[in-house]
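Take a look at this one; I'll ask things after.
Chain IDs A, B and C follow the sequence of writing; residue 1 opens each chain.
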Amino acid sequence: MARKLSFLLAINEAMHQEMARDESVIVLGEDIAGGAGGSAGNDEAWGGALGATQGLKTKYPNRVLDTPISESAFIGAAVGAAAAGMRPIAELMFVDFMGVCFDQIYNQAAKFRYMFGGNAVTPVVIRTMYGAGLRAASQHSQTLYPLFAHIPGLKVVIPSNPYDAKGLLIQAIRDNDPIVFFEHKALYELEGEVPEESYTIPFGEANIVREGSDVTIVAVGRMVQQSLIAAETLAAEGISVEIVDPRTISPLDEDTIYESVENTGRLVIVDEAHPRCSFASDVGALVAQNAFHALTAPIRMVTAPHSPVPFSPSLEDLFVPSPEKIAAAVRGVMNAKAGARR
Amino acid sequence: MTVTAELTQEQLLRGYRTMRTIREFEERLHIEIANAQIPGFVHLYAGEEAVAAGVCASLADTDWVSSTHRGHGHAIAKGCDVKGMMAEIYGRATGLCKGKGGSMHIADFRVGMLGANGIVGGGPPLVCGVGLASKVRGDGTVGVAFLGDGASNQGTFLESLNLSAIWKLPVVFVVENNGYGEATGQAYHQSVADTAKRADGFGLPGITVDGNDFFAVAEAAAEAIARARDGHGPTLLECKTTRFFGHFEGDTQTYRDLSEVTEARASRDCLVSFRARVTRAGLIDAGVLDAMDAEIRQLIDESVVEALAAPFPDASQLTTDVYIKY
Amino acid sequence: MSGEGAAAGPDAPAGLAKLVMPKWGLSMSEGRFIGWLVEEGTDVGLGDGLAEVETDKIDGVVEATSAGTLLRRLAQPGETIPVGAPIGVIGPGDADPAVVAAWAAELQASFIPGEDGDSGPKTETLTADGRRLRFLRVGGGDGTAAQTVVLLHGFGGDLGNWLFNQEPLSSSSRQVIALDLPGHGESSKELVTGDLDELAGAVGAFLDALGIAQAHLVGHSLGGAVAIRLALTRPGLIASLALIAPAGLGAEIDGEYIDGFVAAESRRDLKPLLERLFADPEIVTRRLVDDVLRMKRIDGVTEALTAIGAATFPAGRQAHVLTADLAAAAVPVLVVWGTADQIVPPAHAGAAPVRARVEVLEGAGHSPHMERASDVNRLLDAFLGTV
């Protein structure tokens, strides 16, 4: 039995191993160590808001930097350090905070290589938490990866399990383009097999999480886990679901999605983001353009509603696409026919 | 004249060459733009040359500068190839950025030019990163962020003052205070007369100098850069100067009395005062400067001719230098 | 493929034995029951194939773990069944049906699944000659086993390749050890040259580190060539050689497979290559491909495989033809080859020394120990019983 590790510790191990391997890797962010300047005199009191960076400060005191709550300055500093030859990992505690530093990401980091005629690389990784489910309300629960995937030059990575989290993060650190690495806060405790050695998972290579023949589900991040639960229910009903996890939505492994839809003829896309101009709508449009011939039923999207994330548990539970909603959408496409009214 | 004594003959000649090259470059662009040969937005640096030249006099190729939308001067002062710059501004394949950047995004990392920047206030955080890299590596390099008085109101700048101060980063923030954020006067857009005063609140030195005086800028910058290099942290250096042209080429400048410019050109032209000072002190012969002027004029002429003759980028370049095509 | 269950259950009435969902490999926690191959009431011998089971990794056949009559078929096609759960009852043909039924019901009612596949032996690591080697040890009772068998996987494989063989070959008097060769699995990836001598030397050092004075080697493909080389360089250490589709008996090899395997980065590239390993490409499941990809993604694996490939299979040929070595190594030799091998030509079996026992499996591909496990296990067991 291979070693099991939580999603959180898989991410932690990736950073530990890359810091040991490459001296140009630095880590910066708010309270990634925590405690500096406090009366306890403990310079590693937290190890990150949820502990993802634990142990790094003690081991690499000069390469791990707590920052003031000053996202523009430190995200920008990470970008500048990358331009100057470092491999910074900046932690944007919640992706909801992109609003106070987005310029440094989308106008600076994302554009250097192209705008400077290919004469610059910007190997920065921005790790950030996303997603609903922790009763954190509207400004700490959003799923904002579509906003980043829209920007050419950024790579957008959304691991769904501990194995992928470690391999994709190491790939991200070694990659020469700016990367936004999305970690769903409800996945941190998920355990899975994770090799102890360092390894990389290439970007733009979808994972077929489960093979099936009736319906293709395309999902990322936490929605992969929700879809797996739905697929079990559906299997008991005799519906065979294939789940494709693109792992990175930019670049996107379109071919694997098309191949799967060509095998199943039906597509359900599950996305925790809002429905307009989203990952789900993008995949739907791509399949409609490039694999229309294979469809035997309309494409369905299961997404969050077009509303902010609510606070009350009763409402938040309705906000997140549930296995029940996913299963219902799959049953819907099993019964639907192309050309029929919805 | 302690300053002049401290600057070597070579630094003086380089300073003059830089300022004259910038002036010729910008004056020529002003004409070429009127000829409708140049696409897009161009913001000219003429009048502010002493700032770029004075600061960069103490920088090596391994040091970094971040620049602004008004970036030609910084690029030239930091050592970017003038012909490559001209071709870039003309949008040609032979440009420094293969025609993909243009006037507002000229960069050359090989000489430490981190890029002109279309976002007002975009540079200071980047320079904090340059300083951080220097500090982690312990390689003694310094980063300089050029910004205007307009940008000095941006959160990015104020955040960068704090971050660089708490981390004691080897950086210098150079505010080129030309009195206008685009079309809005500093007296309106800023609560202090001297931007340098803002350093007080962040616990770093703030110095105000005459930005039209190469010697004043060079002296203050040399000290700030040495301070940074020696590990004593950041400095805010405010250089008061005058923009000879509008915010952008095509700006009718109805927001200012143009006597401001006439007066500045007549009495506060950095090239004029530099020449007077070095020739009067017998440091450089006027003939040497004249010869340099002619040489630079020739260089700019050639730059324009070559840029106009150069091809536009091939269509295939649309989706190269970015990781993905779509 | 043994179905010896770990979970304890109610005591068996005289003569009755349960058949359980087997555990194939380290990570199997459950299997999907495809169907029975024999009817109730059929007399079965030890090792006879009784049913087909599919896992997320590979499909296989459940073998009889006792001789007798298949009295009850408890598992139904389509069911997903945890490892160790009862799937049938074997016993004397004249057993009282009421007793059988009652015991079967009791077995099913009392079964408690193990901890998510955590049961069973665990891999270990040791350092030999400064190199970390991972291995899995099964059987051997108290550790003073009469016989030690070491399984050497092929190019790009790992100890998991023996999932259908290791446990069935083991017993209280025979310990069976599978290891990850250098550059593979979770063993060290650093290689000096990657040639046969280095790999054989590492296996020798491994045996020394474990204090094993004499071992029987079973080698597949590249592992076969490693075994031959070690038998020659360390006479006395190696007691016998069982070679499955081995490298080293001729110059030909599917160079496209070797180069393609090293270069493959995606499921799409790798799957068609892995299908060449088997006569039946259906064996190559998504999980099998994923497992190989996971191994290949580990830092240093590509470099290691490149080095081994360059040293042993340069330019689409085998660099080492070891027929003379094999003839000179004074140990018993078994050669097993599938007639449908697409990687190394089965004709190479003809180069085995005269004293060797050569067994040809009609229709089997390059990996008969996986796709024809029961046949290979029977051949190995018989061979090891005589040496």
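The working rule: a residue touches a chain if its C-beta (ideal position, glycine included) is under 8 Å from a C-beta of that chain, and two chains touch if they have at least 3 such contacts.
Please read these numbers as outputs of a predicted model, since none were measured by experiment.
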Category of the chain touch graph - line, ring, star, complete, other: line
Contact pairs, highest-scoring chain pair: A-B
Distance from subunit C to subunit A - Cα centre to Cα centre, in angstrom: 38
Inter-chain centre distance, subunit A versus subunit B - centres from mean C-alpha coordinates, in Å: 40
Approximate Å spacing (C-alpha centroids) for the pair subunit B, subunit C: 70
Interface hub residues of subunit B, defined as touching at least two other chains: none
For the subunit A and subunit C complex, residues of the former touching the latter: 1-2, 163, 167, 193, 195-202, 205, 207-208, 211, 255-256
Subunit A - residues contacting subunit B, complex: 26, 28, 62-63, 65, 67-68, 70, 72-86, 88, 100, 103-104, 107-108, 111-120, 152-153, 155, 177, 250-251
Residues of subunit C touching subunit A in the complex: 26-27, 117-118, 120, 122, 186, 189, 265-268, 286, 290, 294, 297-300
Subunit B residues touching subunit A - in the complex, by the definition given at the top: 64, 66, 95-101, 105, 107-110, 114-115, 117-119, 122, 124-134, 136-137, 141, 143, 155-156, 159-160, 162-163, 166-167, 320-324, 326
